[in-house]
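Residue numbering begins at 1 within each chain, and the chains themselves are lettered A, B, C and D in the order written.
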Amino acid sequence: MFVQIFSTGGTIDKLYFDALSEYQIGEPMVDELLRDARVGFDYAIESLVKKDSLELNDADRELIHTSVAACPHDHILITHGTDTMTVTAAALADIDDKVIVLTGAMQPARFRDSDALFNLGLAVGALSTCQPGVYIAMSGKVFAADGVRKNRVAGRFEGV
Amino acid sequence: MFVQIFSTGGTIDKLYFDALSEYQIGEPMVDELLRDARVGFDYAIESLVKKDSLELNDADRELIHTSVAACPHDHILITHGTDTMTVTAAALADIDDKVIVLTGAMQPARFRDSDALFNLGLAVGALSTCQPGVYIAMSGKVFAADGVRKNRVAGRFEGV
Amino acid sequence: MFVQIFSTGGTIDKLYFDALSEYQIGEPMVDELLRDARVGFDYAIESLVKKDSLELNDADRELIHTSVAACPHDHILITHGTDTMTVTAAALADIDDKVIVLTGAMQPARFRDSDALFNLGLAVGALSTCQPGVYIAMSGKVFAADGVRKNRVAGRFEGV
Amino acid sequence: MFVQIFSTGGTIDKLYFDALSEYQIGEPMVDELLRDARVGFDYAIESLVKKDSLELNDADRELIHTSVAACPHDHILITHGTDTMTVTAAALADIDDKVIVLTGAMQPARFRDSDALFNLGLAVGALSTCQPGVYIAMSGKVFAADGVRKNRVAGRFEGV
């Protein structure tokens, strides 16, 4: 299995800039996380966008769609902000010849108690075992892309 | 999905005792890891054994087998030392009505750069999506239990 | 040595609220950090304020001054945001019978690569060995309170 | 302040070798820790020995003594195993023109809850403020080298 990874920003990649006393989205953390994970598969990472997912617009989703559709590989992992992850997943629903899994994090990967590393593992588990289609791997569950929503108050994804 | 977790020791649970200048196996780390992971499923954890997997004997594997077979739940996660993970997996092969996933870690979960959290995510991904059977989730891959070995020199699991 | 610790907020205590996609100041991290540090001295922690130090006002500094002056102990550790740490230190300059050390962090203590734990150690080292007076322990150095400024661009404290 | 750092092994530098199911002493962690600490002083690191401190012999201590005595810098930080830290400190007692601070860790620096980063901060605090002499910075305290012992059962250093 070769995994093509597209990063789009989101909480998972957030770091803290003291000079601004605020967060910003940094370089994709996924490579560092996969090295910690000591994975035995090959992968490539391409950073498409670096945005909070609330700020992703139609042009960004067009770029994500084009990149996934044009990708010669069958296993696609997308790291993404959680707030509009389902919107992007829906926009990819017509691509039916690839296993596409979106994941992200509720806490930045740079945090000691982040869910990022677990979520990546969950997403890779889904990539390894699912049929072609679009999935969201969050909150310890693998959801079909059209059967999930983020419960913002509870801080987790749940089936609909 | 309700997940019954059985812990059996192994590197994932190792801590460091200064007074002995050596490692020992501590309490199961899986609960702390799943809380970091902010999972949305329910689970229970039972500690069956606390051993390096090289020290597991027939009686230990008998206990593991009995516990899994008697469990009323369909999704079983076993944390286990890596050196004889395939042996225990083989001993469970006759249980064909449950999804059983074994995982562990090459580096103790207490390490900053451990693979433990990722591996747990990978195992939960497999639990969520696999048919009944016995699987090993390690090195970023989900293996059928009879199609994998640990390459001790390379420090990873690979297909056979 | 008994150490009275006053926390006032700042980056060291920042956590990330997904529901708001932003940082907020959480409970003081100093107790958790000192337990990791396995310190052999006794201490008490009192949370005086929970603010970014840019938002501290005269009333806050009055409260800090009163609390330090009234404290029956000789060794005072103050965790504080970095942007106005020198201002608060100056406001304490008239208290000359105690060793007072201010410290904080450029990266939240919850980050894996935070400077918080080191800075606390540095501050305790200063508390243990300095004469009464007000000190700032940051950037690997112990400064007299009136001989230091924060270089915001470089992201460190330096002598003046 | 320029700090010359000599590493000699010990728990602080221990890593876990899966292939042996045991600990071994790795490369010095001090550089990575000081980068997390974002220190503003210059330093150099020289690895003299890589041993559990119970295994240090007279020749090792001779090498440490020679290296410290010959060093052109005034501020010397030594990372060292905890079990015989006081023995090495005693062997350096005749060097009276430098500030020499020994520190180490009860838990490997690679652990998430290690005391290593705090202890380094404590040692740097002592280096910054102490008169020439030999000191041990452990358990949140700065000890004169001849006034401290390790309480192995309690897992901490205490005054004698």
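Assume contacts are C-beta pairs under 8 Å (C-beta built on N, C-alpha and C of every residue); 3 or more make two chains touch, one makes a residue touch a chain.
These numbers were taken from a predicted model, which means no experiment stands behind them.
S.K.: Thinking of A-C, which of B-D, C-D or A-B forms a repeat of its interface, with over half the contact pairs identical?
M.R.: The pair repeating the interface of A-C is B-D.
S.K.: Counting only C-alpha atoms to place each centre, which chain is farthest from subunit D?
M.R.: If we average the C-alpha coordinates per chain, A ends up farthest from subunit D.
S.K.: So how far apart, in whole Å, are subunit A and subunit D when each is placed at the average of its C-alpha atoms?
M.R.: Comparing mean C-alpha positions, subunit D is 42 Å from subunit A.
S.K.: Counting only Cα atoms for the centres, state how far subunit C is from subunit D in Å.
M.R.: Subunit C and subunit D have C-alpha centres separated by 26 Å.
S.K.: Which whole number of Å gives the spacing of the CA centres of subunit B and subunit D?
M.R.: 37
S.K.: For subunit B, write out the residues touching at least two other chains, lowest number first.
M.R.: Expected reply: 106, 112-113, 155.
S.K.: Which residues of subunit B touch subunit D once you look at their complex with the stated criterion?
M.R.: 11, 14, 16, 18-19, 21-23, 52, 54, 82-83, 106-108, 110-113, 152-153, 155
S.K.: Hey, which residues of subunit B end up touching subunit A in the complex?
M.R.: 1, 33-34, 36-41, 106, 113-115, 117-126, 128-130, 137, 139-142, 155-158
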